[in-house]
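Chains: A, B, C and D, in written order; residue numbering restarts at 1 for each.
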Amino acid sequence: MQLSRDDLKRAYRSMFTIRTFEERVVKEFAQGNIPGFAHVYLGQEASGVGVCFDLSNEDYIGSTHRGHGHCIAKGCDVHGMMLEIMGKQGGLCGGKGGSMHIADMSKGMLGANAIVGGSPPIAVGAALTQKLKKTGKVAVAFSGDGASNQGTTFEALNMAVVLKVPAIFIFENNGYGEHTAASYAVGGPSIAERARSFGMPAEVVDGSDFFAVREAMGRALERGRADEGPYALEIVCSRFTGHFVGDPQAYRLPEEVARARANDPLPRFRAGVTEAALLDHADLDAIEQEVLAEVEDAVSAGMAANRPDLSTLEKDVYVRY
Amino acid sequence: MSKKSYRQAINEALRQEMRRDPNVIVLGEDVAGGHGASGETGGVGGVFGLTGGLYKEFGPTRVLDTPISESAIIGAASGAAVTGMRPVAEIMFVDFVGVCFDQIYNQAAKFRYMFGGKAKTPMVIRTAIGAGFRGGAQHSQTLHPLFTMVPGLKVVMPANPYDAKGLLISAIRDDDPVIFMESKVLYDMEGEVPDEAYRIAFGEANIVREGKDITFVAFGAMVPRALAVANTLAADGISVEVIDPRTTSPLDEDTILESVAKTGRLVVVDESPPRCGLAADIASLVADKGFRSLKAPIGKVTCPHTPVPFAPNLEDEYMPNPRRIEEAARAVLAYS
Amino acid sequence: MQLSRDDLKRAYRSMFTIRTFEERVVKEFAQGNIPGFAHVYLGQEASGVGVCFDLSNEDYIGSTHRGHGHCIAKGCDVHGMMLEIMGKQGGLCGGKGGSMHIADMSKGMLGANAIVGGSPPIAVGAALTQKLKKTGKVAVAFSGDGASNQGTTFEALNMAVVLKVPAIFIFENNGYGEHTAASYAVGGPSIAERARSFGMPAEVVDGSDFFAVREAMGRALERGRADEGPYALEIVCSRFTGHFVGDPQAYRLPEEVARARANDPLPRFRAGVTEAALLDHADLDAIEQEVLAEVEDAVSAGMAANRPDLSTLEKDVYVRY
Amino acid sequence: MSKKSYRQAINEALRQEMRRDPNVIVLGEDVAGGHGASGETGGVGGVFGLTGGLYKEFGPTRVLDTPISESAIIGAASGAAVTGMRPVAEIMFVDFVGVCFDQIYNQAAKFRYMFGGKAKTPMVIRTAIGAGFRGGAQHSQTLHPLFTMVPGLKVVMPANPYDAKGLLISAIRDDDPVIFMESKVLYDMEGEVPDEAYRIAFGEANIVREGKDITFVAFGAMVPRALAVANTLAADGISVEVIDPRTTSPLDEDTILESVAKTGRLVVVDESPPRCGLAADIASLVADKGFRSLKAPIGKVTCPHTPVPFAPNLEDEYMPNPRRIEEAARAVLAYS
């Protein structure tokens, strides 16, 4: 379980890429360069990265409307993502998907999903494949606290137990489903307790601590890889910004947001690894410089790219009328 | 009478009906907003702002925030309706109907008939529809055929602020389940809207523009588009009659048939996939009951048989746009 | 809580009416007098009667495909039911509903429901009305163990907690959903535990004991009538026959069925009340005679009745094309 | 070649495909049956017996009993499909689609397009459809328009045992999601069915009967009914061409248009409500692309706009029956 220096760098790079990417999405959105709407992952970086850190390209994840961070953590190409979000040719889905529908099968990324509760049933199926083909791989479903109220999610939990598939259900509890608090909308003691009531082990994890997330995920993975059945993690984390880019958030007091930001997973990671002398500040600064350049580059590429060709409108839909 | 947006017209209808009848309640995700949060409660008023201010006026027993559980939202509405309330439920985007469709078509819509006429289910489902918002494949659909198909539902598609208010008031006072489909791209449209409450009857089409050479039938956000093309064609001396049925179920068949009896030519403009959609439905009506008047093939301008694409240029081409409407009209006019 | 002699007679009458009605349904079905298919409630009588015993006509219940027992327990007219099941004029729904769609709003019976998981969300709504109108009444949703796996059911549980409505969720765990055992299909320790994980009190109750059911229901009702929120009962009971009338049940060993029948709630009730000298056998025998005559009468009426008039085909559906 | 029932033909297709390709699995409620029970496991084979014997041959890793959780069933199928399996999921009655529609239309059907062509979802959803079974309003529906409408789905409606086998094999080998709609009232229909595996291509109509005076287009269980009426009319010297499109999406437009070009008259016979259904869809096709050949209004024989009633006499009248088909045909023939 001990991480090498390279591992630690990879973790920080992944988290900092999400941070940078999302901050840039906020900015480009404000400038009108991103059509539609966007939900960013700022503040939840340690969760996605901790969960995906030990997954291979042959392990699958299904994601949510707030999926950029999961994509990056799973290894999707940042250029392809930015182009997709901007609705450009060369985007990961050819510009047809957009922010809420980024997918990359070659990375085991089954898709962001704009339907709350959409991914858990699909992840059960991806996990079923692993079980039947005896791959030792797993499938992960990301959901929010809000999605923990959707019927499809519960069905998936139970089905995973009954079929005993290596599905791992990640509930990122950031305290809000849109503009409504989980404390109001999620009945019962915890999401983890719900998962347990369906017959799977479940843990509550501190989502601003990369190491805690990764370790809990390690236990889930061990069980999944041994074909012992599903597992659930409720990862408690914070949304630094509004539900969507532009949300004024009058329902949240500034102090609450400030508290969340004070518990930022990135400085926490930095402090942890530098104080333990596992990495030094210069290592991390170097990573940051590289990432900043990469994202800058992706944005430039996105701005320069053309819109998809109109001839693609009716492609890839099986039947043409 | 004063200028109001489509959004304001809907909000006003809700407010006035809630004042009039204590049984009218509103429920859905974030229709108030902020429950359990550290800041303001009730300040959201729906993600599109349609229920803005209602929580402040009517409080938590009339404006209910729900979990993200659409089946339970619809069930709560229909169960409340059969026992004496008049709920107005919000399904944020019509695209989400897939997670609660059973509660709509197998339950609420069937109660009256299946129970031999003994149940009455006065409820409204408000929902936002349509592309052009850059929402991608799961936030941009226009699913009125799905509801029109279902016996027992009434389906309303207001195309302007005046109709939005009058139709919503009718919907709330109706004793059957009504789907009220709001075109996202019309929320900011302005128009004259009386301050007092008024009703527009279901099944009565609006003849938006009179004409004699060709009939356009269009729904919701396609009405202003069809009208714009009609005005363009007028410059070429072509006189287009534009009909907005306002409700797809019940449908005002007579007004459509009378118009085609006069013009002999028909183009249906509808924002849904081409198969089994409203365009096909209207065309088949006229191909049967209006056959004798028809001078040309019935043109249909719909979306292609594809999900809604995200990229703006693809989405603009996906929707029935002025170019495609005009082309269809000219083809039908050219036929002899 | 102590029941009067009249109460006890009423309870037995209700259970025995269900028993007789259902046995007759089996017989009439076999003779081709009942169209379609039918699911009977044999063996579960104490559950429905115990739950409905203290409900008024202004308390609501939503039922299932196996709804005859619930209807009778809630006071629906046995003649009207038999006519409905036979598809005749004068049936409770004019012959348009059939076995799986019997409803009677005047008795607070919101309808049998042929969709597994259909009733719980509707019951939440009926309970919401009671809360908003401050009636002190409740709404009950009957579901099976199988229905406890349907997403709509979970949503209803959570919604009831969040809105704090007087909904009572009855899970009649008869061990089977169709031909699959609950031990296979229902993950987790119990259905009651699931309900608890959503934040409501829940109990497991012996469904062949009328008194146990009624008492547990009393606790649920007390909470509901005081507007303190929802409650759940998992009522463990047995299906004496197959899933539907005609099910050969090769998946069940005869011994298992025999064990179930040995725990019949009716003789158990009879033994209880006679041994405690609350009623004597003659009282119960008299009730049985009356009920047998009533059901006989209902069947004769059903056989004699006409089919609904064809002119009713397009009535009561709002829009005619 | 031997006589087999529609049920046997489907069972044989499943069995042969499962033998051929280890990635083919079957999942659904009681497709094996008896799990966790005291008696026999795997002896049920689906409530209609379609998957009978498969569990015995292929065991628990190929024939999976599921909880009553249709959304999870469809999700499990699509998730398995995009990661390399070829699942055949059973939704017992099509009426239950309301509890899992999102997983069909927003998920499985959209993957390929929405992800820019990069996902492939080879799955089949088998489901039983249709009235005439005395199942009541929630067990008797015929919802093919609901699926036909959805871009990304293929929709199959076999009308006889031969087609059932060949179309199911095609469905299983197809790389896209396919809805395979089995008519309950045809399960016992017998016909010649080759013992070996064979495919019937999608989008190729079956000309069930050639004729020159009028065209009938019918789907599923309505095909034998339409054919029976055609034979009745033949006695009066009226020559009816009967077309069974076999798949509603893709649709063999050409065969329909060619037939109407020949006959000039069309009646569509379809067992779904009248609004936005397949009858409207086919009529609108011909009212556009076949207009020049049309000599009469297009007749539609559908169900009325009501839920399915339970009482046998009402249900029989509800379904398109021979009397109503014949009346519609004679009206169209009488037109001049």
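Quick note on the criterion: contacts are C-beta pairs under 8 Å (C-beta built on N, C-alpha and C of every residue); 3 or more make two chains touch, one makes a residue touch a chain.
Please read all numbers here as calculations on a predicted model, not as lab measurements.
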Reference chain A; chain at largest CA-centroid distance: C
Separation of mean Cα positions, chain D and chain B [Å, integer]: 30
Rounded Å distance between chain A and chain B, as computed from the means of their C-alpha atoms: 35
Centroid spacing, where centroids are CA-atom means, of chain A and chain C in whole angstrom: 45
Multi-chain contact sites of chain A, meaning residues that touch two or more partners: 93, 95-97, 101, 113, 115, 118, 149-152, 155, 158, 162, 184-187, 317, 319, 321
Set of chain B residues in contact with two or more other chains: 66-67, 69, 71-72, 95-96, 98-99, 102-103, 106, 113-114, 136-138, 151-152, 249, 251, 275, 304-307, 309
Touch-based graph of the chains, sorted into line, ring, star, complete or other: complete
Sites on chain A touched by chain B in the complex: 35-37, 87-88, 93, 95-101, 113-118, 146-147, 149-152, 176-187, 249-253, 255-256, 307-308, 310, 312-314, 317, 319-321
Touching residues (chain side chain B, partner chain C) in the complex: 25, 61, 64, 66-67, 69, 71-85, 87, 102-103, 106-107, 111-119, 151-152, 154, 176, 249-251
Chain D to chain C touching residues, read off their complex: 29-30, 33-41, 43-44, 47, 65-72, 95-96, 98-99, 133-139, 274-275, 304-307, 309-314, 317-318
Chain B contact footprint on chain C (complex, rising order): 60, 62, 91-97, 101, 103-105, 110-111, 113, 115, 118, 120-130, 132-133, 139, 151-152, 155-156, 158-159, 162-163, 315-319, 321
Contacting residues of chain C [partner chain A, same complex]: 149-155, 157-158, 161-162, 184-189, 193-194, 196-200
